[in-house]
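Following are the structures in question.
Across the two complexes that follow, chain A remains constant while its partner is chain B and subsequently chain C.
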Partner chain A sequence: MRKQQILNKEIESFDFQSGGEASSNLKNILRKLGVSAQIVRKTAIVTYELEMNVVIHSLGGEITALISEDELEIRVDDDGPGIADLDKAFTAGYSTASDEIREMGFGAGMGLVNVKRYADQIDVKSSLGEGTHVKVIIKLSS
Partner chain B sequence: MTVKELVDLFNLEIVAGPNLEKEIDGVYIGDLLSNVMARAEKDNLWLTVQGHQNVVAVALLVELSAVILVEDFEYEENSVQRACQKGVNLLKTKKKSYDLACKFCESEI
Partner chain C sequence: MTKNHSVLLKEDKCEGCTNCVKGCPTKAIRVHQGKAWIKEDLCLDCAECIRACEYHAKYTKTDELTQIVESNYPILLIPPSFYSQFTENTSAAKIKKAILNLGFKAVFDVAEAAAALSRKTLDFLNNNPGSFISSSCPVIVRLIKLQFPDLIEMLIPLKSPVELMAEKLEKKFKEEKNINPDIFFLTPCPAKLTTVKRAIGQKESFLSGAIGVENIYKKIYESLENIKLEQPETEIITLATIWGSEGGEQSILQSWQDINTLSVSGIKEVKKLLNEIERNNIAESIKYFELTSCLDGCIGGVLNVINPFQAKFNLEQRIKKIKEISKNQKLELNISDDEYYNFALPDEITADDISKLDHDFKIAMQKLEQLQKEIEILPGLDCAACGAPDCKTFAEDIVNGRAVRVDCIFMLRQQLGELADELSNLANELPPVMASKKEETDDS
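Let's look at the complex of A and B:
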């Protein structure tokens, strides 16, 4: 089914000022489109976690959201450094966040676990030396 | 109860109050943002020691009724600006989370 792009936004490394803006924008767009509160919430959690991972762990990237009649597709792509061990990254409590970042309340190692829990489908491609590419599908009809 | 009524009842300080008529429903306590994202519910009050601007982003996304910074921690200046722009209430208190939560319990919040 044809998908329409409803969001495309750059995410800059260590930009805590704009961190969360893309998720917030997407949330408003979905609300206006009449998407249910429950699905908006799921989407907000997923996009916020992925967005902040790009801010905290990567060199920068972008987020794109596409919608069709029955599903939402969220793509988060960054320019590296990539994730060495994806199994580890998806383990609750695993985090490489620095002390400084942890002091801000990040680094619980729960972000990707949350994404997995709320996504209906998730596909992650990453390896060291190249970027991380996440594609999440959220079904619109529950 | 509205945020305004809560502020009066428990003597909280308003740091940003763009939305004080908002109704409160429940409380979440925590300082790890991923947990707050996943666990806090719409219209909860959020007790935390984090005062930086991503707290405002989280509060907005989860649609919390107010953030309460405890133990006399300070909000960052840009948190306050962002909160006013986005309609997020920022409160503070000298009390510890547990003590404030006990008081909330007594009042059946």
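Let's look at the complex of A and C:
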């Protein structure tokens, strides 16, 4: 069965008001499809982290979710500024977030670390000035 | 009367407005043929519809006092919140005497079990890793079962104070007096009544029934002034009476130990919090969440008589007085009596798996596609004139075969317009014979 798109949403930079909506929408869609509670939870965490990364760090982007009977694919593409050092970005506690963002309770340096923890596969392509493209796979059948 | 729920509809009073439909936190109500019907599998008995209805068409049916007192050996359990219905100057002893006069054989404070449960909870939290959610408010437990099934594992697997108390008393009366008591609960909310019929985490409730505070308050209040107590009013109630108010449970835990807790009340706020917990956007260092569906906790229960603001003040004053008289600022932490309670919930709490569109993934996918199309077609005004709370829910009803598109007045209007255009086109169309005759006359 080929993957079908179930969600596509634009995310604006610094839009904390609607940040989290894609994650909530996707969660509701998965419940309607009968996906198990544990996988819905994983997805909610992963999507929220990725979504907030776009809100906090990028100039805006979009999130797309595709599904087949076996797996869920989440793609997050943003327009710059890109990640300078990918290894560092996957290090717990490392963050480039401003003090302002940290005061809001974000930027603990756990974003991608958490995504990696809950996702079954993660692929990040990024270079400075060219934006970041994340593809995450979450398996639906254990 | 439905067997599963305590919040019911008085058909003759319902005007078919959609206030309750819009206010329902689980979107469980639809207006159909002018009446607001509750979908049983989605209803939490949270009473938000009772609060929203201006016509008092939603109500709670609890047990009748006359029937209760006719049972073999009626015992009444008083919730901590009940003391908020009186000023602190009306002693607990007097209130209990008034209840006994109504025909009960004995009266007990649920707060005693709440005190024991607090001690057990602290012990549980100190010996188990992770964060936990209180399972004392039945509405919150049902909300999690229904909408946040992945958080079920956070529910603390301990019985609620009222069940603990009822179980203990049932055993005690049997062993010590060879009596089989009928234990009733004086309930501030419909949800606790539902729990009598449908227990959570245990096969059956230890209660025989429940009566709403509003059903007997007047009788108690009116008899208070005639009550003369034989002994001086020295009897005091436990500090755990503070459980009746939001943050009560948390304040007891914190009086013993520096522990990170958070208390949130009001079902809409609780839903927001659970959403944040679900996406890991709440500090893991918070060990315990005290959550109640009613704003301000049980004192905000819809079956109470006194307004919640005064009730909150009354309970605070009473707690102050208990502290003064007992010369104790906090609850005892070590009491050997607690071993009489059987804290653990015997059965696992399971998810209410009803949100899926179909059991078969492929069919669910087709329905999802259909759903997204319907949502695009519908006007998106969320006017609720169709009887559903919003266009998205209406679209889901259509896909599930429980509504048709023309239940939407905008869709109906559009379709009528199209039909009228078609009719007019049809009327202007001439049969071929007449059409050629018309051409001929035009030429001449």
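Basically, the second predicted complex is superposed on the first by the 141 of 142 C-alpha atoms of A that agree within 3 Å, B and C clash if a C-alpha of one lies under 4 Å from a C-alpha of the other, contacts with A are read in each partner's own complex, and residues count from 1 in each chain.
The rule is simple: contacts are C-beta pairs under 8 Å (C-beta built on N, C-alpha and C of every residue); 3 or more make two chains touch, one makes a residue touch a chain.
Source: prediction; values computed, not measured.
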Item to complete: State whether A:111 touches chain B only (first), chain C only (second), both chains, or neither.
Response: first
Worksheet item: Can A:86 be said to touch chain B (first), chain C (second), both, or neither?
Response: neither
Discussion item. Quick one: is A:4 in contact with chain B, with chain C, with both, or with neither? Answer first, second, both or neither.
Written reply: second
Worksheet item: After lining up the shared chain so the two structures overlap, which partner does A:66 touch, if you call chain B first and chain C second: first, second, both or neither?
Response: neither
Discussion item. Looking at A:44, would you say it contacts chain B, chain C, both, or neither? Reply first, second, both or neither.
Written reply: both
Item to complete: Classify the contacts of A:27 with the two partner chains as first (chain B alone), second (chain C alone), both, or neither.
Response: both
Item to complete: Show which residues of chain A both chain B and chain C reach, each in its own complex.
Response: 20, 23-24, 27, 37, 41, 44-45, 48-49, 114
Discussion item. Please output the residues of chain B touching chain A within their complex, sorted ascending.
Written reply: 31-38, 42, 48, 50, 52-55, 57-58, 60-62, 78, 86
Discussion item. Can you tell me which positions in chain C touch chain A when the two form their complex?
Written reply: 149-152, 275, 278-281, 351, 353, 355-359, 361-362, 364-365, 367-369, 371, 396
Worksheet item: Which part of chain A faces chain C closely enough to touch in the complex?
Response: 1, 4, 6, 20, 23-24, 27, 29, 31-34, 37-38, 40-41, 44-45, 47-49, 67, 69, 114
Response to the item:
Counting only contacts in the complex, chain A reaches chain B at residues 16-17, 19-21, 23-24, 27, 37, 41, 44-45, 48-49, 52, 104-111, 114, 117
